[in-house]
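One chain, subunit A, links the two complexes that follow: it is found with subunit B in the first and with subunit C in the second.
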Partner chain A sequence: MTVKVEASADAIPHNTLLIVGLIGSIVCIYLTYLNTITGLDVFSFFGGIGAIIALIWGTSTIKRLCSYGIGTGVPSAGMVAFGAGIIAMLVGTKFGIMSPVAALIIAAVSGAIFGYLADSVLNMKIPVLVQSLAELSIIGALTIMGFTAMATGDFTFGVLTAGTISIFGFAVPAAQASFVGGGITAVAFMLGGIAIQHPFNAALGPSNTQDRTLMLAAECGFLSMIMMAIISFAFISMGSALLGLLIAIIGWGYTYAQFIDLSKRDAADWLDAKMIVETED
Partner chain B sequence: MENIVLSIGVAAFAGALAAVAGAAEDTESNIGSQGDPNSQVQLAPQMGYMHRIFNKAVAGEPPSWALWIALGAGVAWAFMAMNVNPVLAIILGSVLASFVQGVYATTAYLGRTASLAKFGQPVYVDILKSVTPVTTAHAFVAIFATVTICYLMNAVLGHPFPLPILGIIWGIALGAAGSAVGNPYYGKERQYQNQKFGAGVPISASGNIVRYAEAGERSSLDNGWFTAKYAGPASGICFGLIVFFELWRHLIFEHYFGGWGSVIVGGIIVLLITIMARFIEVWARKTYGPYTAPEKKPDEEAA
Partner chain C sequence: MSAIAAKPAGGAEMPKGPAAIAIVLLLVVVGIGYYMTMAGFFTMAIFYSLIGIIVGGMLVTFSVHLVPVGGAPAAMGQAPGIATGVTMLAAGAGLAGLFKGAWAAQFGYLPALGTGAIGGALLMALTCMFVNVTYVYGMGIPSASGKVRNDPITGDSQDEYKSQGTEGHGLPFISYVGGVLGGLIGGFGGTLIYISLYDAYVNGLPTLMGGTTESIMPIAVSVAGIFAIGMFLVNAVLTAYNITGTIEGPHDPKFKRFPRAIVASAVASALTGLLALMIIVPMPF
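== the complex of A and B ==
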C-alpha cells in the first residue's frame, strides 16, 4: 500500500465537489433537451457548461487519486478517464432521453471494473483507485456528452450519426458529415482529456492551492468550450453558435484573468526582466 | 498511371511537409521546455538552483500534440463543412489550435512556478512575454504542416479515416518522434552540461541544470537556438521518414478490401514488430540475465 501525501489542505471537501459536479453536469446536459422540446437550438451552450462542471469535479478527483504518489501518471489519468468514458458515452446515446443517465451508469460500472483490474490484478494497491476510476469514467462520459450536446444541440445516437452534404445544391444524407462520422468525437476526447489533467498537472508542487487549481480547471473548460463553439457553427444555427461562443469567450476571459491574479498571489515573487535570484547557501 | 504518379508525388510532398513539422515540433517543445528534460527544470529550484527557463508542463509531448493536431484538423473539418475553401480552413484551424497551445503554455508556466513558491522561485513575467510567442509560432508551423498531411491523405489518397481521427494519430506520432529523437539534444547536450557526459540521472546531480549562458543568463530561447540546428532536423528526418514509408504502405495496399487494405496491412506490420520486440527481449534476458554485482577480487577488498 502506498502512503498518502496531501498536496494541500482543501477548503472545499472532495465529496462536496463530487455531489455538485455530478448533479450540476447532469442537469446542464438535460437542459440541452429544451432544444428538442422547443424545436430551437439556443440551449446548446448548456452542454458546454455541464462539461466544465464535470471537469472541475474531475480535477478534484485527480488530485485525490494523485495524492498517493502518482507523479508522472497525472496525464495518464486523464487518458484513462476519457478512454473508459467515450465507450460509455457512445453506448449511452442509444437510450434516447435517458442517454445521460445511461452513460453515467455504464461509465460507473466500466470504471469500477478498470479500477478493480488496476488495483487487485495489476496490484497497484491504492485505496481510492476503484472509486476514483469510476468517478473519472463518469466525468469522461459526461464531458464528452456535454461537448457533443454543445456542438450538435442533441445527445441521441440518431442525430449524432446523421449528416447531410450538399451536392449541386441538393442535400444528400451522408454519415461522414455527422458528428461521429466526421470524427469530431476525437476532438471532444482530446479537448476534455487534456483539460481534465492539466489543472492539477500544471499546479503541481509544494505550494499548490485548491482555489487556483480549480480556477485553472474552469479556465481549461472554457477554453475547450470556445473551440467546441467554433465547431458547432457546422451543426447548429448561426445565432445559437454565436451565443455559445460569446458565453465561452466571456467565461474564459474572466477565469484566465482570475487565474493570473491567483498565481500572482501564490508566487514567491513577480518579477519583470530581472536577474536570477540566487538563494543563500 | 496518372493516378499512381499523383499518389507518389503526394507521398513525397507529405514526407517533405512531415520533415518541416518534425523540426518545428521539436524546436517548439525545447523552447517551451516540455518532455523528460523538463523534469530537471522542475526539480532545479527545489535543489537551490533558481533559473529563467520556461516550464511548459502540459502533458507528455504525444498527448499534447494529439490535442493540437486533432483540434486543428477538427476545426478545419468544421470550416470545410461550412463550404470554406480547404486551404483557408486548414490555416484557420491551425491558427486556433496554436492559440490553445499558447494559452496552455502560459497557464503551465504560471501554475508550476507559483506552486514552487516554497523554494523561492519567482515568476519572471518577461519570460512569458518573450518565449510564449516563439513557441506558439513554431507550433503553428508544425500544426499547419501536419494537418495538411492529414488532409492530403484523406482527400487525395482517399484514406478511410476522417480528418480529426487522422489528426489524433499523426499528432501522437509527431509528438513521439520529436520526444524520442529531439529530447536527448535538449537534455544531455544542453541542460546537463554541468555533468560529465551530460548525465542528468544521478540523484546527487538532480536539478543542476545549466542556468548561465556564455554571457549573461540562459533563457529558453537560447536552448531553441541550439536545438534548432541539431535536434530539430534530426526529429524532422525521423518524422519525415515515418510519414513517407507509411504512405507507401497505403499506396500499395489501398485498393484491397474496399480501401481498408492498407489499415489491415498496418495491423499486420504492428503485430510483426511486436513479435520481433518480444524475441529481442527474450534473447536479451537469456544472454545478459538479471543484474549481478561485479565480483570483487580479494586484493581489492584488502585495499
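== the complex of A and C ==
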C-alpha cells in the first residue's frame, strides 16, 4: 500500500470531470454522425472536440493515478492508455452506429483486466489502479476515435478502410488511400499519445494547479487537432476541412493565451527576457 | 510530491490467489478462441495465430527484464543503465525489431523472425555502446555495477570503481550483454506478434471485405502493424510496473520478479490478441 501524496487540491473533483468527459466525448463523437444523416461533412470537427474533452479527462486521471507514485514515470500511463485504446477502438469500429459505445465497453473491460493484472498479480497495490487503467483505456479509444471521425467524417470500419484514387479521371478503389490502409491510425495514435503524456508531466511539481494543468491539456489537444485537420483535407471536402482547421487554430490560440496567463499567475516572478543583442565586430 | 519518486521495491514472490485467477482468465480467453474455431468463425490457422501472439507477448515481457534501465538517476550518473524509462527502451528495441521483421515478412516466418531479432539486438547494441561512450568520454566516469561485487561473466571486481553515494554508474559488461540479449528476444517476440496477425489478416480480410489479396494488402499490413504496436506497449508497460523504476540487467535482484510478469503478460496478450483477431469476423451491422 503506497502513500498518496496529492500534487494539489482540486477545485473540480475528479468524478465530475469523469462524468463530463465521458458524456461530452461520446456526444461529440456521435454529433459527427450528422454527416451520415445530412449527407454533408461539415460536422466532422465535432470529433476533434470530443477527443479534446477526453484528453482533459485523461489528464485528470493521470494526475490521480500518479499521485500514488507508480515509479515508472508519467508517460508510461499514456502509453498503456493508447496501446489498449487503439485495439478497443479498431475492434469497436466494426459495430456500425454503435461503434463509440462498443469501443467504450471493450476498452473498459480490457482496461479493468490490465488494471487487475498490474494491481494484484504484479503486486502494485494501488487502490485506484483498476479504475484508472479502465478510464485510461476508454480515453485512449475515444481520443483516437474522435480524431478518426474528424479526419474522415465517419467512424465505421467500412468507411475507414475504403479509399479511392483517381487514374486518368476514373475513381478506382484503392485501400492504400484509406484512413487505415494509409497508416494514419498510427499518426492519430501518436498525436493523441503526445497530447495525453505531456500536460501532467510538464505541469507537475510544487504549486501545481488544476486549472493550469487542464488548460495545458486542452492546448495540447488543439495542437493535435490542427494536425488532424490538415490530414482531413485528404478525406473530406475542402470547406469542411478548412472549418475544422479554423476551429482548431482559434481554440489553440485561445487556450495557449490562457495557459500563459495562468502560468504568469502561478509563477513567483515573470521576467521578460530580451533577445541576445548581437555585437558587431 | 511523490509523482516522480520511485516506490520502495517489493518482494519477488508471486501472489498465489491473483496468479490463479490470472491463469483461469487466460484459459477462458484461449477457450473462447478455441470455441470460435470450432464454431467456424476462425480457421485453425487463426487459432495458431492467437497462440503465436501469446508466446510473442511473453517473450517481449521476458526480454524487457534483461535491458539495463537507469531512468533519471542514470542521467545524473548515479545508477547504472541507460538513462530513460522502461517503456521507452522496450518500445525502442521492440519496434526496431518489429519494423525490420515486417520488412522481411514476405520471405516467410524464419527470415522475418531472424531479421526482427537481429534488428532489435542491433539497436540495443548501438544504444549501449553510445551510452558508454557518453559516460566514459563525456562524463568521465567508469562503468561499475552497484548490485554485484564481481561481474558474473568477466569476473572483474566492481567495488573499487563505484563512487561513494551512488548505486554504480555506466554500463558494466553484464548489463551490455543483458541489453543486447533483451533486444534479441524482444525483437523476436515483437515480430512474432506482427507476423501472426499479418498471416491471419492476409487470409481472413479478403473474404470479409470482398476483394483480392493484393487490394487488401495495405489494410492487412497497417492493421497488423498498429495492433502489434498496441500489444507491445501494453506488455512493456505491465513489465515497467513489475520492475518499478530501474533494473541493471540479468544480475539484478529485481530480475527474479519476471515469472509474475510473464503470467500477467500471457493474459494481457491473449485478451488483446483475441480482440485483434475479431476484426476478421463478419458482424451483422
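Following the convention adopted for this analysis, the second predicted complex is superposed on the first by the 270 of 281 C-alpha atoms of A that agree within 3 Å, B and C clash if a C-alpha of one lies under 4 Å from a C-alpha of the other, contacts with A are read in each partner's own complex, and residues count from 1 in each chain.
FYI, contacts are C-beta pairs under 8 Å (C-beta built on N, C-alpha and C of every residue); 3 or more make two chains touch, one makes a residue touch a chain.
Just so it is clear, the model here is predicted, and its values are computed rather than measured.
Peer 1: Identify whether subunit B and subunit C fit side by side or clash on subunit A in the overlaid structures.
Peer 2: Superposition check on subunit A flags a clash between subunit B and subunit C.
Peer 1: Which partner does A:G69 reach: the first (subunit B), the second (subunit C), both, or neither?
Peer 2: second
Peer 1: Name the contact category of A:Q197: first (subunit B only), second (subunit C only), both, or neither.
Peer 2: first
Peer 1: A:L90 in the overlay: touching subunit B, subunit C, both, or neither? Say first, second, both or neither.
Peer 2: After superposition on chain A, A:L90 lies in contact with subunit C alone.
Peer 1: After superposition on the shared chain, which partner residues are touched by A:Q176: those of subunit B (first), subunit C (second), both, or neither?
Peer 2: In the superposed model, A:Q176 contacts both subunit B and subunit C.
Peer 1: Where does A:F233 make contact in the superposed view: on subunit B (first), on subunit C (second), on both, or on neither?
Peer 2: It touches subunit B, and subunit C stays clear.
Peer 1: May I ask you to decide whether A:P127 touches subunit B, subunit C, both, or neither, giving the answer as first, second, both or neither?
Peer 2: Touch partners of A:P127: none, neither subunit B nor subunit C.
Peer 1: Could you look at A:A186 and tell me whether it touches subunit B, subunit C, both or neither (first, second, both, neither)?
Peer 2: Both: A:A186 reaches subunit B and subunit C.
Peer 1: Give one of first, second, both or neither to describe whether A:G205 is in contact with subunit B, with subunit C, with both, or with none.
Peer 2: Touch partners of A:G205: subunit B and subunit C.
Peer 1: A:V277 in the overlay: touching subunit B, subunit C, both, or neither? Say first, second, both or neither.
Peer 2: Touch partner of A:V277: subunit B, not subunit C.
Peer 1: Name the stretch of subunit C, from among 19-27, 109-117 or 253-261, that runs into subunit B once the two structures are superposed.
Peer 2: 109-117
Peer 1: Intersection of subunit A residues contacting subunit B with those contacting subunit C?
Peer 2: Correct list for subunit A: 75, 79, 176, 181-183, 186, 189, 204-206, 208.
Peer 1: Tell me, which parts of subunit C touch subunit A in their complex?
Peer 2: Residue list for subunit C touching subunit A: 1-7, 10-11, 14-15, 17-19, 21-22, 25, 71, 85-88, 91, 209, 211, 215-219, 222-223, 225-227, 229-234, 236-238, 240-245, 260-261, 263-264, 267-268, 271-272, 275-276, 278-279, 283, 285.
Peer 1: What part of subunit B is in contact with subunit A in the complex they form?
Peer 2: 48, 50-52, 57-60, 63-64, 66-67, 70-71, 73-75, 77-79, 81-83, 96, 100, 103-104, 107-108, 110-126, 161-168, 211-212, 217
Peer 1: Name, in rising order, each residue of subunit A that touches subunit C in their complex.
Peer 2: The touching residues are 2-3, 5, 7, 66-77, 79-80, 82-88, 90-91, 94-98, 106, 110, 113-114, 116-118, 120-125, 157, 161, 173-176, 178, 180-183, 185-186, 189, 200, 204-206, 208.
Peer 1: Per the contact definition, I'd like the list of subunit A residues that touch subunit B in the complex.
Peer 2: 75, 78-79, 166, 176-177, 181-184, 186-187, 189-191, 193-194, 197-199, 201-208, 212-213, 216, 219-220, 223, 227, 230-231, 233-234, 256, 259-260, 262-264, 266-279, 281
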